[in-house]
Amino acid sequence: MRWAQDLRRHSVGDLATVEEQLFALMLLIRSVEAAIERTHRAAKITGSFHSSLGQESCAAGVSLALRDDDIVTSNHRGHGHAVGKGVSAEAVIAEMFRRTNGSSGGRGGSMHIHNRSVGFYGETAIVGGGLGWASGAAWTRKRHGSDAIAVAYAGDGAFANGIFAEAIRVADFWEAPCLFVCENNGWAHSMPSDGVFGPAGSITNVVSAMNVRSEFVDGRDAVKVYETGCELVEYVRTGKPAFIEVAVHRVKAHSVNDADYRYRPKNEGAEWLREYDPINSLRASIRVEQQHAIESAVSAVVDEALEAASNGALPETSDALRGIYATRGLGWDGRAEIR
Amino acid sequence: MRWAQDLRRHSVGDLATVEEQLFALMLLIRSVEAAIERTHRAAKITGSFHSSLGQESCAAGVSLALRDDDIVTSNHRGHGHAVGKGVSAEAVIAEMFRRTNGSSGGRGGSMHIHNRSVGFYGETAIVGGGLGWASGAAWTRKRHGSDAIAVAYAGDGAFANGIFAEAIRVADFWEAPCLFVCENNGWAHSMPSDGVFGPAGSITNVVSAMNVRSEFVDGRDAVKVYETGCELVEYVRTGKPAFIEVAVHRVKAHSVNDADYRYRPKNEGAEWLREYDPINSLRASIRVEQQHAIESAVSAVVDEALEAASNGALPETSDALRGIYATRGLGWDGRAEIR
Amino acid sequence: MRREVWAGMAALRFVDAVRQALADEMEADESVILMGEEVGPLGGVFTVTRDLIERFGPDRVMDAPLAEASFTGFALGAATEGMRPVVEIMFSDFVMIAMDQIVNHAAKLRYMTNEQFDVPIVVRLPGGGGSNHGPQHSQSFESWFAHTPGLIVAMPSNPSDGYWMMRHAIQLNDPVIFLENKAMYFGAEQEVADEPPADPWAAAVPREGSDLTIVSAGRMVGRCLSAAESISTRGIDCEVIDLRYLWPMDVDTVFTSVAKTSRLLVVSEAVEFCGWSGEVASRVAKDAFTSLDAPIFRVGALRCPIPVGVALEDEIIPTVERIEQAVVDCMDF
Amino acid sequence: MRREVWAGMAALRFVDAVRQALADEMEADESVILMGEEVGPLGGVFTVTRDLIERFGPDRVMDAPLAEASFTGFALGAATEGMRPVVEIMFSDFVMIAMDQIVNHAAKLRYMTNEQFDVPIVVRLPGGGGSNHGPQHSQSFESWFAHTPGLIVAMPSNPSDGYWMMRHAIQLNDPVIFLENKAMYFGAEQEVADEPPADPWAAAVPREGSDLTIVSAGRMVGRCLSAAESISTRGIDCEVIDLRYLWPMDVDTVFTSVAKTSRLLVVSEAVEFCGWSGEVASRVAKDAFTSLDAPIFRVGALRCPIPVGVALEDEIIPTVERIEQAVVDCMDF
């Protein structure tokens, strides 16, 4: 994985255990989120973004269960999914800064990270919008003889929209090897998840009743996420969809400018983190020197990424109209360019 | 109920038992469908229609469980739902003939039967389109202090579309007193229901898992449909949604012009009917003279309706543009009419 | 329309004007309810419904699950039964998910049912660019709705219209698509007129002029006024018309103006190609043809997705400079 | 475009021409697949895909569950991975349910991802009136798609174009909205050209004339030709242009014609108000203004839902008579 290589450059040895790997990846994701938040505060970014801080176990556990040639689609809260799949921290942060070294050349921003070469097909800013993409792409790979699979991440809010169950149904019908990951962080913006679905795990019950293999995992235990992820990924490789609901906690506000104190207690996120931080929970199983090695490598990687992202060029305004169509001669005004 | 009064005019005495009522209503619905099919053959109708012949137990069982002030929305296969709720056979058939005595003045046709005065809010030609309507309307009645409820009919095909589960979820969230009736006739046009969902009853499992009260009934037993309908209607009157899946059989082709022999055995419908006809199954529990009285009354009612429908005036073409807007002065060209 | 007089603060921002209109209609009529994602305790992502739940309670300010199609359908059902739901689609782009309920149902229900049902619903669509939200959060769909029989399409350009047009929309017995431009919400405060306009449907003429008529709506009206102002220093005197409604469309006011100026420029934030500016241009090319001394110019968004970042966006959505240039080109003819 | 030569029967109905194009592309390219409701054993409600499943198997002719949004999204996914899905939305009206996947995703994916993904998908939309299917089964949404950046909008008017334009559409690497008029499917057989047009995007001129230019597309082209024929007996010689594509739109052919005739009428089955006819009219009012000797006329559907029944429909959708009248009015100017 790209991120592991990045860390190795900063003298972390091999990440020998699953715990070390999870720890390293989760820390990297969190550090990227923290860096983005910091730079946002310093006004390097305008516009919004959605932090996955505190939810890292889902992205990390699932990502570690995947192969390089697997495909991922994600949602608006996708920085962790991207990093986990191997999008460089630089490309993520630079996209946030809208630089040409961003993963979409700086024209997408926070909700439009795409990196085909590492299989991160990408985010979408429409809740539930990427589910068909993942399953159609995975189904094609299978058809072409590959056992690569796709993972489609979406939130609990997405499950309130019919598209989620519908996409699972269609994937099941056509036997698309797609793992649907429902990251239940307790909220769809200001709408509490349990008010819509009942307690965490309720969504899994529904998908189970659809006769699609489904598991519910408490995301405070990253190792458990990884293990269940591996099981399901293995099952999906046999050519069927599956579903996993991971209960996580949205530590930060919905998006950077969200007045979440209006609908949940102030500091609720921070308090949860103090008590349950899944990254901290991993420490016990990792040697202290290795923890430090990882920490300093992560911080070096993120510093480098921030630096590189900041130094990226802004897109030329003359570039604004490029690439709407693949067809030769079709630009924004079509006909005029054809002739 | 309107239809019972109609029958009484033709010297059927009171329909004393549930069986008699079900028998009479089912026979009426079937006779209306048959009349429509006959007249279509005789080219009185152009355009398509969807027969509910053979599926009458669902419309009849549910309708008998309802009150006059309850609300019904329906789908493209709604003739039975309409008649059951009290739309006159004349208004149904005349709408098919596109006459002004049709329930939508002849501008809607088969898939657009609406009769507010009897609570038949009506059909929609978009699969799944009427579910929100029913629940929003029922919720409003409740809010205004009534214990009237709504019934929203839809097919198994509709459940493949996310909108069905989504609408149930929203109705549950806002506690709309709406009974969702899934008429599982084994097919969504040429798509076999079990290929998508598994055997009949599978849809009920999904809705059950959503923590919405749900029942599955075999529609060959009209009395059972009625009894379960009554239970659920009573429950819904307390102010919550519920769900019922009724397994019925689509005896006819999907629509009148459908080449169903291409995807299912010829005569499959007729054979099923011979064996399982839910109307026939009721006969044993009804005195023979009463059967005959009902049969001749039904046939008289339908003959009258056909006659009246045929004699209805066609809409004036000058009427084509009437009624787009409620706002005074707003016709199709708006501004021009305002001034 | 109930002709209540506005007795609030003299000047409001657009966001506050819309909120005030919602509050005043809710106060006046119990059947007015708000539905949408985050409209409750959060008060909407753009704060349009802020504090309304405290005032009117959760029974009237209803946070909806993330299900645009279903809550719009639910609102339609409530509307047929006597409520006056105001539905917020958080970003107009998400309305794609509710299109069936709006276009196939709400817009047609009255006609299809032979006038048995009215659908007094307002669908609020915060849209357009200028707020750095990227390609799936910046679109301008007003032309689509103007094209759709059965809908009324309101597109206010300033706080006073934000207030009075919203009140009007809520009182109408037909479905209204109410386009709010996100980038206008937190603009300058502006006085809200004491009374609604005598003719609620009439276009406004925020600037009179004799040389050229600029027709616009929504956020672009401000840019047109800036362009007119700036170009006046070059001795060109533009009249600016704010359509206010795309349907019904007050073409008479346009004709009157073109009869005076003989020149027309139409400016839309929506994509120019097959957009509503073509309707204005075509109507003039038909019914005011003999008034014209020059070709009809249009400036609209280029037919390109909207990238994130205002610098790129400015290449696509009309700027004051592009508007000025079009005025000059038209005058040069 | 692969310039295969058509070697089939000399004359086909529209429905058969489209089917033949699908079959020929499927034959030529394994990545072409069909998806949609009833496209399999039934062969589509309009028989467009009839017998194709027997020939190409269920792996390539894929009956989809009733889930327009999801199967369109699935097709998009397959397209990004190298397939060339042709998606049938049974009636164009149902596309409302798939709008998000088409407009927010398929149309923008290439641009948003900085050209990392192409979406070679064809969305077939049988639409329009004339088949007695009522208000939710008779709409003409072409103007919307023409307005949407990222889409190509094909609208054939005859069997030969039905054949060649479909083949072209499938070969393109961009999303194509392919509008098929239901009422055309079972019309007269017509010869299919041996080869595709040299310029696939060019408008056609099925009738030359010197007095007035009529621009149309899809089913209305036939009505325009009838009107032109009938009016020629009164000594008026109309040129008829068939745009074929609404985007890209071949306005040059329109300009050339108007330069000759000095008069323009644009006819659409789509609602006239804010429809694509306004684009054609506006372009001429801008770039061919000096050619014009008369106002620009348009005839399109009135802004009203389509009732069931052709008698009522004829009050709304352009008839040959209304087209003739517009020609006369324009000539009388």
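Per-chain residue numbering starts at 1, and chain names A, B, C and D are given in the order in which the chains are listed.
Everything below uses one rule, namely that a residue touches a chain if its C-beta (ideal position, glycine included) is under 8 Å from a C-beta of that chain, and two chains touch if they have at least 3 such contacts.
Keep in mind the model is a prediction, meaning the values are calculated, not measured.
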Quiz prompt | Label of the chain whose CA centroid is most distant from the centroid of chain B | solution = A
Exercise. With contacts defined as at the top, give the pair, A-C or B-C, that has more of them.
Key: B-C
Practice problem: Calculate how many whole Å lie between the centre of chain B and the centre of chain D, each centre taken as the average of the chain's C-alpha atoms. | Solution: 36
Quiz item: Using CA atom averages as chain centres, what separation in Å is found between chain B and chain C?
Solution: 40
Quiz prompt | Distance from the mean Cα position of chain D to that of chain C, given in whole angstrom | solution = 30
Quiz prompt | Multi-chain contact residues (two or more partners), chain D | solution = 64-65, 67, 69-70, 93-94, 96-97, 100, 104, 111-112, 134-136, 149-150, 247, 249, 273, 302-305, 307
Quiz item: Which chain B residues sit where two or more other chains touch them?
Solution: 107-108, 112, 124, 126, 129, 160-163, 166-167, 169, 173, 196, 324, 332-334
Self-check item: Complex contact set, residues of chain D against chain C
Solution: 69, 93-94, 96-97, 99-100, 103-104, 107-108, 111-112, 134-136, 143-144, 146-150, 246-247, 249, 270-271, 273-279, 281-282, 284-287, 289-290, 292, 294-298, 302-305, 307
Exercise. Note which residues of chain A are touching chain B in the complex, please.
Key: 160-167, 169, 173, 195-196, 198, 202, 205-206, 208-211
Quiz prompt | Residue ranges of chain C touching chain A (in the complex, touch as defined) | solution = 37-38, 40-43, 45, 63-70, 93-94, 96-97, 131-137, 273, 302-305, 307-309, 311-316
Quiz item: Can you list the chain A residues touching chain C in their complex?
Solution: 46-48, 98, 106-109, 111-112, 124-127, 129, 157-158, 160-163, 188-191, 196, 258-260, 262-263, 314-315, 317-321, 324, 332-334
Self-check item: Footprint of chain C on chain B - complex, ascending
Solution: 104-105, 107-108, 112, 114-116, 121-122, 124, 126, 129, 131-141, 143-144, 150, 163, 166-167, 169-171, 173-174, 176, 322-327, 330, 332-335, 338-339
